[in-house]
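Below you'll find the structure, written out as structure tokens, and then a few comments.
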Amino acid sequence: MDQRQLRKLLEQVKSGEVEVGAALDRMRNLPFEDLGFAKLDHHRALRHGMPEVVFGKGKTAEQVAKLAEHLLSESRNILITRADPAMAESVRERVPDAEYFPLSGAMRVWRDKTVTGKGTIAVISAGTSDIPVAEEAKVTAEVMGNRVDAIFDIGVAGIHRLMSNRDRITAARVVVVCAGMEGALPSVVGGLVSAPVIAVPTSVGYGASFNGLAALLGMLNSCASNVTVVNIDNGFGAAYVASLINRL
Amino acid sequence: MDQRQLRKLLEQVKSGEVEVGAALDRMRNLPFEDLGFAKLDHHRALRHGMPEVVFGKGKTAEQVAKLAEHLLSESRNILITRADPAMAESVRERVPDAEYFPLSGAMRVWRDKTVTGKGTIAVISAGTSDIPVAEEAKVTAEVMGNRVDAIFDIGVAGIHRLMSNRDRITAARVVVVCAGMEGALPSVVGGLVSAPVIAVPTSVGYGASFNGLAALLGMLNSCASNVTVVNIDNGFGAAYVASLINRL
Amino acid sequence: MDQRQLRKLLEQVKSGEVEVGAALDRMRNLPFEDLGFAKLDHHRALRHGMPEVVFGKGKTAEQVAKLAEHLLSESRNILITRADPAMAESVRERVPDAEYFPLSGAMRVWRDKTVTGKGTIAVISAGTSDIPVAEEAKVTAEVMGNRVDAIFDIGVAGIHRLMSNRDRITAARVVVVCAGMEGALPSVVGGLVSAPVIAVPTSVGYGASFNGLAALLGMLNSCASNVTVVNIDNGFGAAYVASLINRL
Amino acid sequence: MDQRQLRKLLEQVKSGEVEVGAALDRMRNLPFEDLGFAKLDHHRALRHGMPEVVFGKGKTAEQVAKLAEHLLSESRNILITRADPAMAESVRERVPDAEYFPLSGAMRVWRDKTVTGKGTIAVISAGTSDIPVAEEAKVTAEVMGNRVDAIFDIGVAGIHRLMSNRDRITAARVVVVCAGMEGALPSVVGGLVSAPVIAVPTSVGYGASFNGLAALLGMLNSCASNVTVVNIDNGFGAAYVASLINRL
Amino acid sequence: MDQRQLRKLLEQVKSGEVEVGAALDRMRNLPFEDLGFAKLDHHRALRHGMPEVVFGKGKTAEQVAKLAEHLLSESRNILITRADPAMAESVRERVPDAEYFPLSGAMRVWRDKTVTGKGTIAVISAGTSDIPVAEEAKVTAEVMGNRVDAIFDIGVAGIHRLMSNRDRITAARVVVVCAGMEGALPSVVGGLVSAPVIAVPTSVGYGASFNGLAALLGMLNSCASNVTVVNIDNGFGAAYVASLINRL
Amino acid sequence: MDQRQLRKLLEQVKSGEVEVGAALDRMRNLPFEDLGFAKLDHHRALRHGMPEVVFGKGKTAEQVAKLAEHLLSESRNILITRADPAMAESVRERVPDAEYFPLSGAMRVWRDKTVTGKGTIAVISAGTSDIPVAEEAKVTAEVMGNRVDAIFDIGVAGIHRLMSNRDRITAARVVVVCAGMEGALPSVVGGLVSAPVIAVPTSVGYGASFNGLAALLGMLNSCASNVTVVNIDNGFGAAYVASLINRL
Amino acid sequence: MDQRQLRKLLEQVKSGEVEVGAALDRMRNLPFEDLGFAKLDHHRALRHGMPEVVFGKGKTAEQVAKLAEHLLSESRNILITRADPAMAESVRERVPDAEYFPLSGAMRVWRDKTVTGKGTIAVISAGTSDIPVAEEAKVTAEVMGNRVDAIFDIGVAGIHRLMSNRDRITAARVVVVCAGMEGALPSVVGGLVSAPVIAVPTSVGYGASFNGLAALLGMLNSCASNVTVVNIDNGFGAAYVASLINRL
Amino acid sequence: MDQRQLRKLLEQVKSGEVEVGAALDRMRNLPFEDLGFAKLDHHRALRHGMPEVVFGKGKTAEQVAKLAEHLLSESRNILITRADPAMAESVRERVPDAEYFPLSGAMRVWRDKTVTGKGTIAVISAGTSDIPVAEEAKVTAEVMGNRVDAIFDIGVAGIHRLMSNRDRITAARVVVVCAGMEGALPSVVGGLVSAPVIAVPTSVGYGASFNGLAALLGMLNSCASNVTVVNIDNGFGAAYVASLINRL
């Protein structure tokens, strides 16, 4: 029962066609959504004001391509994450202006380039191996309407590289920092800026990095108070939250 | 060597009193901070625009009290976290207007009640046992200049309590959610609002909660994209980042 | 707005006092609960048909006692778990017929002894040290209206003790098995009976038992298909689910 | 020595053909099973009243096919879990009416469609990636004689989808909930219904999901009291226990 | 129903007093133990030929003392492990010849000093802090009828101390090695002797020893093929198995 | 400097050719082994009285074949573990009487079939999937001169199968038990027999079995005192120790 | 702005071309590095005096080859770690004198063979399977200007092999010890020498070695005080630090 | 048999009193140490050239005091670690010039202040809470004959503090860095200096620091190549190795 049906029911109550008690009974058993109360819930993308996102992993190339096409009927921008080359090819056959970023597997259709973010989002990566995760963050933040300043390969063991880029980093309204191994970069960056820092541990490393666990724990224990953390390799999530913050 | 000294050196170069080569040498060996480049680093509180914070744990009551007194000479508001009753008493002898919150051990001097945050920060806790952590977040957010809407004891197993408070939650500009046990509340809240959600796992629980690990992992794996996470029981950190966001 | 208010609104619609459009608007913004849809949610105890339960740990003796008294105004039976002796004394001052079980810290007021469970619940413990957890399960199952057959101290290293009690175990409609150390008993019991077996790992053990982790993992990997698992030391939870099943 | 042999021995004792002492000796050394005491143990399927189940993984296609054929000589329904496509083909050559479910690798021969379960089993999955595990649960529950209501893709971050299906869920006699990532769905479902909820953590996720560990811990720490848990990805086990409960 | 009763039943069959069918029915429902088949199971101590053992931890001083007294009515030697000083005092009041070993909390009554072990059991400890565990092993092995050669404080970082004692170690028929920290001693000892080596990880250490986990993992991964492992701090278990082996 | 050289030195001392002081100096700096003190160490196989063993994994087929050929020049029996089919083929080209066991990858040359073990070693496996590990144990124990009684596929969930084989198990002098999943079988077997039980956790299972960790922890926490444990999947190690014990 | 530019600025100040205030402003905003203060930071290889190192893993063969060629324009020696055969081939096409070590994937150009280390670095490995890691350490130490004494395959279970090599080990100025499984060798070596010992856990092993975790924990808990530890399989890092120490 | 006895034996050989063959036999069976070969092993302190060290924890105040007195009869300097105040008092009664450092529990007698280290050891701590561990390192390094430059409280979140002290840090010959929480400081320091850096994770932190595990993993995964790691809180061990290096 949707809004229209509820309106009809109320009109039947008004006209006396349906008794108050019977109306109450029918309302009590309605699925939540149909009452319209949940409408905002339903259209999550609309509510958050973000383009629709497809998580590619675990779907077939065909499914992803169809989904992309379908979403583009309602939305000018879409983002596909964790897409493999076969998916990319399949999408491009139907959507020729889709961009594919093979390092991260990110894919986007970016037709509406309106900038809705109020400042710049800095996306920083510690090492060259962290770039795939940082790329996912950059691609996401851009398609969600942000100016992005990508500063790659500035690790804590060469602190001067970080220092040389201090002006760019402090100019950002939100900072996303991707780092594997010991995951120390967000703490150092957090100490340099007053903006919120979103830390993304990456699964880069070997041995006692335990696929990103070392970096994750490091970031959760950051001695800088302006750092929050997302899941390992979750460049998308970090950029998503950064976009929300950058619109405020 | 501070700015003044550097100016003097440059004037000596100008007057010919110091040779260019000698000036170069002296500059090369200066401590970083003295050049003034690091000044912003030095005054971290100033830079972030936050009151000074003292982490009470591991200090003596005497140390905490002296530190509080000292900081109050430069700052109207201060926050002390993880203070035990002895510290509280010791601080109050010197600073009678200090408030103590025994559940969380938070303590604050809140003389400047100017509101600098642009919206409301909702602080939500899942169960009554999570209240100490939520209280730390609330006390922190308030003393940092935010309006706080505290909504305690709304767990996911009684989803109606959450639903009844949906309006208050969606009205917030940033949401802090404290939850122990399975840590599911931030995911549900994240799905209801479009604001950034900062999740605080608490060490509440027993057995396979492993002192907050279960809640932490749950939050890191949240299926809601607008959730970031801080350390277990770190109500302070969550409120600190929420304050930064709320000022934007 | 509760049922009564909703009825009034509908009557106002009927009488023409309130326009359909205005009624729709008011309904759309109602807190969920007030519509009565969530009523069952609100009264969880009623819905599950169980007595109210108080989790004692982390509350003061005073709080527990007041809560107990309050709940008894609406319910004939109540259960308090993880109560320490001070809580027990405090409760008994107000509620003299409250029983206290010091091994497990369980406490109950059992005024309505109607049996609602259709069969017997067998509560089995592997070793004498598992008895506190088993006692919590037994006390819970009884106050929730079940006949309980408690069979303590039958471990897998003395399989004959288990065999000697096979008739009692197979006679049960649901079986709760509490075991620490290697947690092997539920698998063996699961192979003997066709009833659902609810396994409770206990934190009994030392060294590589890691406070019940070994037992927990053992039970999750049970080779018997009729075994499900609850949290470490959660005798209450096991008995609660067993009670739900026994009413079917 | 089976029942028949034991009877014969007793008759020999009766007729004096065998001395009491000699009979005692022979009985003392009999294998347990031959006395008939263990008969119920032997025919586990019979005892639990379930069709025979073959765990495909680790067997050859040939072995699985032969086993299937053999079991069908005594049973009208059989279930094969974790079968790869080669096994499926091999089984179908011999048993053309075997159904294969490639997502989960489940396979069944469902000749006797008698419904023995008294109510409906709801099988719920949180995300599309959890469907393979949910499918295994659904296929299992059906072949074991239950009406199944499958409700897929209702995660906690879109709580309205759950709410829209509340009637279907509360109508079930037992609920199986499959969820990966943070594993929060069983807690929310547990709060909505009074039926027993069997939670299945899935290995869906990445990074800090640690192949299902995050979901597993979340479910074990559920704040809803009517939740029990099975092993990661164990859709079969959950449906098996649900079937036992549904027959009560 | 024990052997005697079974004999009586058979005699009743023989005399025609009981029908064969009725006898079969009664036998089918007998508890396992009563048939005498499980008798050996019942008297585990007898079967293993070991003195009775009481695990003190978690019992009251009174319980332990009574249990000790009771067991001494049937057995000349008994062992109590993990006894605190209060238990020790309580036992001694009733059993004046009980010895108490405060380092390990072991306690024994050793009235029958017959040596049943065929060779010597060497009990080795790596550091002085491992001595409590080694003492438990030594006390256990002695009261179970073995000659024990205790060689304490020979760690791998001072390999010469080990070498100096090589003759004593190689003379043993079974070797028990207790070591905390890195747990390397059993590997080195295993390479020196051809006897079975039973390794006992101890919880000695700090930091990354994780209460004995480091030692446990080290021992399980021993490059010496003649090493098996028991639980952390389980000096008793190691000595128990060593005693079984030494009797062969 | 070997024995011969040392003898020569002593003779030079005797003849006065070398001074006592100079002889002392030279001896002080000798490599340990050359003095002959370490001779027993050097010939480990000889010392333990076991055939030589080659760990195949990580070597080339060529290396394994050459090594096998070389060892056969000094030993009649050899054992190769974890050999893949290519290694097997390569070895057989040079050593046609080598047997290969593809389930476990074990390979042996068994020319001297003298039985040196005094009793039987029972090798038990819990499920069909544990057979590869059990096979490695069986092949090892046989080639090391033991009579082996292999009893496969008797899990704890069908306790009657265990009971039916009790006579065979209790007849063994040492028992090796291989089990994955919950690893409960060694505890049950340990309670039935008085022989030492060597438990081998296998990596069989999925989800929360964590590649054998669940079984390993279960076995380390066994409530049966006669159980010791070796590394996950280490069938060889268990049989090796069992062989040592069986020779005593 | 580099040194040259800074000099020019100072000269402009001197000549009056630039005002002191303006000069201060420009200096304050300079990137850190350009001031020359960070020069040492920039040229890390120069500063540490080490040849440049390329971490091959995750790069393409083409990238590695180009990078190698580029670095050789400034440095006579270079090291590539974790290179696969394709990289090796690609590098050799451009740099024919590059050596490739397939076991470890190490690759080096070693044109300047000057020895800068003051003593010998002993590189020890416990088993043959640890040789790849030890090889990486050896190749690294050599190309960094050290005499290396490689002593492979001396495990703790055959202590005599270690003893036979004691002179060579004690002759070293720094010792690198690579060991998997229980990781006990560094403790034993640490007890024999007074030089610093750098322990490298290797991922060699199976089951409870957990890919090197057991060895890592063992080494961190070493009872020898002269042992420090690097990451699992990090032969390069150990040799790098050993080289730094050997130059002192 | 010690050196003296061996000399006597050789003299008996020389005099013909003992036959060469008999001498060989006696030597072959000598305990290793007695031959004098192990002398260096025996006197570990002497060999490493370090003062004797007593690990206080787990000993009685009396034992520690006696041990201290005893060691001072042979050594001018001694170090006691992890001493509680009672031990300190007890030692001082006998050794009035013993210094006690209550933060770390370190205690030393420092009579011989000869500096044997060739350069300075910098001991750095990240936060005030890490000072106890840093103090242990400082006290150890000093009593072992080193000049120590202690630089406390320079965390990575305030990078300027580190930069201001860069000259002092780069002047050191070895650097010890103590850090808890995320353990990032050693990586940053490692990037600034070319000296070996010994990282000490501390157990400072809460929640996901897991008592130092986060810092430990962070340090093991350091992106700076000149970092090695010791156990959590092991300030002593770090200083010990630093002392060895500083003497080279």
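Labels for the chains are A, B, C, D, E, F, G and H, by order of writing; each one numbers its residues from 1.
What we mean here is this: contacts are C-beta pairs under 8 Å (C-beta built on N, C-alpha and C of every residue); 3 or more make two chains touch, one makes a residue touch a chain.
Because the structure is predicted, anything quoted here is derived from the model rather than measured.
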Tell me which chains count as touching both subunit E and subunit F. C, D, G, H
Could you find the chain whose CA centre sits the greatest distance from that of subunit B? F
With residue numbers as the basis of comparison, which of the pairs A-H, E-F or E-H duplicates the interface of A-G in over half of its contact pairs? E-H
With chain centres taken as the means of their Cα atoms, state the distance from subunit B to subunit G in Å. 40
Using Cα averages as centroids, what's the distance between subunit G and subunit H in whole Å? 25
For subunit G, jot down the residues that touch at least 2 other chains. 32, 41, 44, 157-159, 163, 191-192, 207-209, 213, 216, 220-221, 231-232
Listing of all chain pairs that touch each other, if any do: A-B, A-C, A-D, A-G, A-H, B-C, B-D, B-G, B-H, C-D, C-E, C-F, D-E, D-F, E-F, E-G, E-H, F-G, F-H, G-H
So in the complex, the part of subunit B that touches subunit C is made up of which residues? 128-129, 157-161, 163-167, 204, 206-209
For a test of understanding, state which residues of subunit A touch subunit B in their complex under the given definition. 41, 44, 47-49, 53, 118, 173, 191-192, 194-196, 198, 216, 220-221, 225-232, 236-238, 240-241, 244-245, 248
Which part of subunit A faces subunit C closely enough to touch in the complex? 3, 6-7, 10-11, 13-14, 16, 20-21, 23-24, 27-28, 32, 35-37
Residue ranges of subunit A touching subunit H (in the complex, touch as defined): 126-127, 155-159, 163, 180-184, 187-188, 190-192, 205, 207-210, 213-215, 217-224
Quick check on the complex: what are the subunit G residues that touch subunit A? 29, 31-34, 38, 41-42, 44, 58-59, 201, 203, 211-213, 216, 231-234
